[in-house]
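Which chain is which? They are A, B, C and D, in the order written, and residues in each are numbered from 1.
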Amino acid sequence: MVLSDSIRDGDLVCLWDGENSFYILLQPGSTFTTHKGIIRHDDIRGRRWGERVRTHKGSEYLLMKPSLYEIVMYAIQRKTQIVYPKDSGLITLKLGLRPGMKVLEAGVGSGALTLVMANTVAPTGMIYAYERDRRFLALADENLRMAGLRQFVTLLEADILEGIEEDNFDAAFIDMREPWETLPILKSRLKATSPVGFILPTTNQVSNLLHALYDEGFLRIEVEEIIHRPYKPVPDRLRPVDRMSAHTGYLIFARTPAP
Amino acid sequence: MVLSDSIRDGDLVCLWDGENSFYILLQPGSTFTTHKGIIRHDDIRGRRWGERVRTHKGSEYLLMKPSLYEIVMYAIQRKTQIVYPKDSGLITLKLGLRPGMKVLEAGVGSGALTLVMANTVAPTGMIYAYERDRRFLALADENLRMAGLRQFVTLLEADILEGIEEDNFDAAFIDMREPWETLPILKSRLKATSPVGFILPTTNQVSNLLHALYDEGFLRIEVEEIIHRPYKPVPDRLRPVDRMSAHTGYLIFARTPAP
Amino acid sequence: MVLSDSIRDGDLVCLWDGENSFYILLQPGSTFTTHKGIIRHDDIRGRRWGERVRTHKGSEYLLMKPSLYEIVMYAIQRKTQIVYPKDSGLITLKLGLRPGMKVLEAGVGSGALTLVMANTVAPTGMIYAYERDRRFLALADENLRMAGLRQFVTLLEADILEGIEEDNFDAAFIDMREPWETLPILKSRLKATSPVGFILPTTNQVSNLLHALYDEGFLRIEVEEIIHRPYKPVPDRLRPVDRMSAHTGYLIFARTPAP
Amino acid sequence: MVLSDSIRDGDLVCLWDGENSFYILLQPGSTFTTHKGIIRHDDIRGRRWGERVRTHKGSEYLLMKPSLYEIVMYAIQRKTQIVYPKDSGLITLKLGLRPGMKVLEAGVGSGALTLVMANTVAPTGMIYAYERDRRFLALADENLRMAGLRQFVTLLEADILEGIEEDNFDAAFIDMREPWETLPILKSRLKATSPVGFILPTTNQVSNLLHALYDEGFLRIEVEEIIHRPYKPVPDRLRPVDRMSAHTGYLIFARTPAP
């Protein structure tokens, strides 16, 4: 075992009691309170990941560095349906995201996908994230700060259908109800033959989008879905869990047209 | 539409004829040959992504920048079972990979997962990739170069069971037949409570690994699988394809023990 | 539309209020009571399937004949994990059940599979259903009566491991925790090369059973699972439901050995 | 082990060489020929299920009674997409089929579902199976004879859209391209609130059918799909197979309207 790094103000910390996890953003003077007692943030600062802290009542919590998966699934605040890691992991690969890329995102919602894409294009790239709803934008802002990825995202309160200033994007992802309306913008603002992606909950929307993609000359059109099946991790009684997610959304990918 | 970047020597280029894709690494003096005719690499250099080139027989190909998904699925050479993007996208998130991280990988194979992890920790991080079989190592080396990610990977011809020099890893992924043997090394070489991941094809191996993970004090043990279901992208006859992959492997995740 | 049959005492009746379903076994003098009011069974007798009845408060219920699917899923009483229709439908086909066959079942539980098998071998066949637990046997008895299939099942309070009297079975299904113990009995009591089936929740049990099946000379051994995915039946927003069953059990099929 | 029944002319017999299966309909004077040699049907007649026969070259085959699953999957001749057992098993339960029922089927195709439904309503019920295409009807006729279920099916060369003579059906299943056109007939020819089922390959067809079902007043409308995942039956290396069916069709169920 090697020494872990020290925990500092601004770090997102997972406190784990052996069963449940709690996520806090370390801040001077704050306290973490559960029914098992109180822990002062100031008593966490300077500890190393993997160390234990105790509440004033003596209950123990392990300090762990949250993975991006945990952040998306458990730590961020949500007011919208989010893009789940089972999907966002594949999305970054299908969009061909690389450090340094300039990416358009429309329909930020709680910022769950924004986080994941920002992490991939960082530290030299940038996500231009458009969202019409100011409340969602504020939420995404907070979630990105918590994840330590705020500086790789330009948050814009705007409807991309009303026109955008930026161009020369390497890729785009659209999470909107009627994404077919964005196709002319994607054609004019992305580099030719750039990857674009969409997520849609219903088959009817997928059919509509496919029609529009063909009509607008998009290339290499694909539709797929990802099913995530968790297992009970019991070595002598290995089996899937009882219930699982049946559906998040259909993923559609294409390339913007050639000149 | 905006001007794309120019294509340079060393770039991996996808040539698409509207149906099939071909992948070439652009090199001075080389030629690309199919039954539709010949294209000289020198005639591609300097063109922009999204432009078209013609064979000496007049057949047209579109020049596209391959996504990481395409590189893994279609461009790399394989001599082993690879980790597929449906799995590797999730793996990077479960391992919490971020730019700058130092990651241990054992069982590199063709380097399909190495590529994806390198892309996430780049440009400031490093994957230390161990592989006992020299032929696989040579293959991974070539595939990483092709993907432009070679500088973010330290390839090591070694069996990690015989001991390794590096330590202080932020995360690890093990793709070996008997991964339970690596647990003591993971415990001693990773930072405390770091994420570790494994992929295993059979349920028996999963049971064995789970036993070992509990015995060795690993935390937050999870098992899951990802099913990828492609659809025929026909707007008026939307439906899944006829046949799909039934299984690649079970994914197991955990955290190294606390001190 | 044609006239339906009349409802008689002893019929299982589904009362549907347009949203929820209630199942009653029609009996002289009984009453059906919900928060919407009371309906006397005597007011249902003689009505036809598809007619409506009203509670004393004026709420309307439609009288429908329950399908076997509904009976298994909603009408029977359960004290055990049941075999679901997605599995039992396939089981009858894999076991090759036909009218007139003589079938061994061990581990009757609530009788959910017994119902389905009895329906297939009826009216000339017979299910010999063994169950050690008297409470389950009483439950299965009641459920079979409710479904109108009691006369096609011989319920036996016995552990088949302690020996059984019957033989010359055409097929068998075993739903027990350690089904490998039953293989010698299956070999001696079934016709040669008869189909046998098993359901098991964990992969470890499947491995154990497979070992035993090979050791005992069983033929054509198969393992499979059935995943049932419901959709929201909304024509303009067609999509799977949010959550679904992730697992009921693995199905194992084989043939008893040749002489 | 008990003595099996003797094999007679007209029986469908599975010959199994330990790896491959062959299906023959036993007939006086016929021969079964493979590259391993010849077996005369007359040498099989009178043998018992589970016995072995030899070709003139000495290769051995085991005589097994085919299950309905095998008949549908391997023995019948197909000129159409068939309804697979994973679906037909559930269909019989959702339609509530019982011995003695009178069932309407439209779109018989190769008769794969007809077989399964006939087996459930036998010996006192009847499937009225409509098919416009004479070639398919001839094929279904042959397949039903082979399966020994011909007497429980009335095959009718007709398009039900042009009107049918029979009525008073207990249930119906429609396997046609535009099944919404059949709804008025289902309403007029089935008993009120009877179960009806449909299978459709595309989501667009499902949406169309759902619209029509609601418009025509059908009740309790449901959509689902069944995924069948086979495993490699190797006890120490248990895992799913590599490739599986991704889709056969969506199943839609409803009840005909009340008066």
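Heads up, the rule we're going with is that a contact is a pair of C-beta atoms (placed from the backbone, for glycine too) under 8 Å apart; a residue touches a chain by one contact, two chains touch by 3 or more.
The model shown is predicted, which means the values in this text are computed figures rather than measured ones.
Visitor: Name, by label, each chain that touches both members of the pair chain B and chain C.
Guide: Shared contacts of chain B and chain C: A, D.
Visitor: If you tally contacting C-beta pairs, which comes out ahead, A-C or A-B? Let me know.
Guide: Pair with more contacting C-beta pairs, A-B versus A-C: A-B.
Visitor: Can you check how far apart chain A and chain D are, centre to centre, with Cα atoms defining each centre and the answer in Å?
Guide: It comes to 47 Å between the two C-alpha centres.
Visitor: Express in whole angstrom the distance between the two chain centres, defined as the mean CA positions of chain A and chain C.
Guide: Centre separation, chain A to chain C: 44 Å.
Visitor: So the centre of each chain is just the mean of its C-alpha atoms; given that, what is the distance between chain A and chain B in Å?
Guide: Here chain A and chain B have centroids separated by 21 Å.
Visitor: Please list all residues of chain B that touch 2 or more other chains.
Guide: Residues 203-204, 206-207, 229-230, 236, 238 of chain B each touch two or more of the other chains.
Visitor: Which stretch or stretches of chain A touch chain C in the complex?
Guide: 201-204, 229-230, 236-247
Visitor: Within the complex, which stretch of chain D touches chain C?
Guide: Touching chain C: residues 1-5, 16, 48-52, 62-70, 72, 85-86, 88-99, 116, 119-120, 122-124, 167-168, 187-195, 203, 206-208, 210-211, 214, 219-236, 238, 250, 252, 255-259 of chain D.
Visitor: Using the touch rule from the top, collect the residues of chain B that touch chain C in their complex.
Guide: 203-204, 206-207
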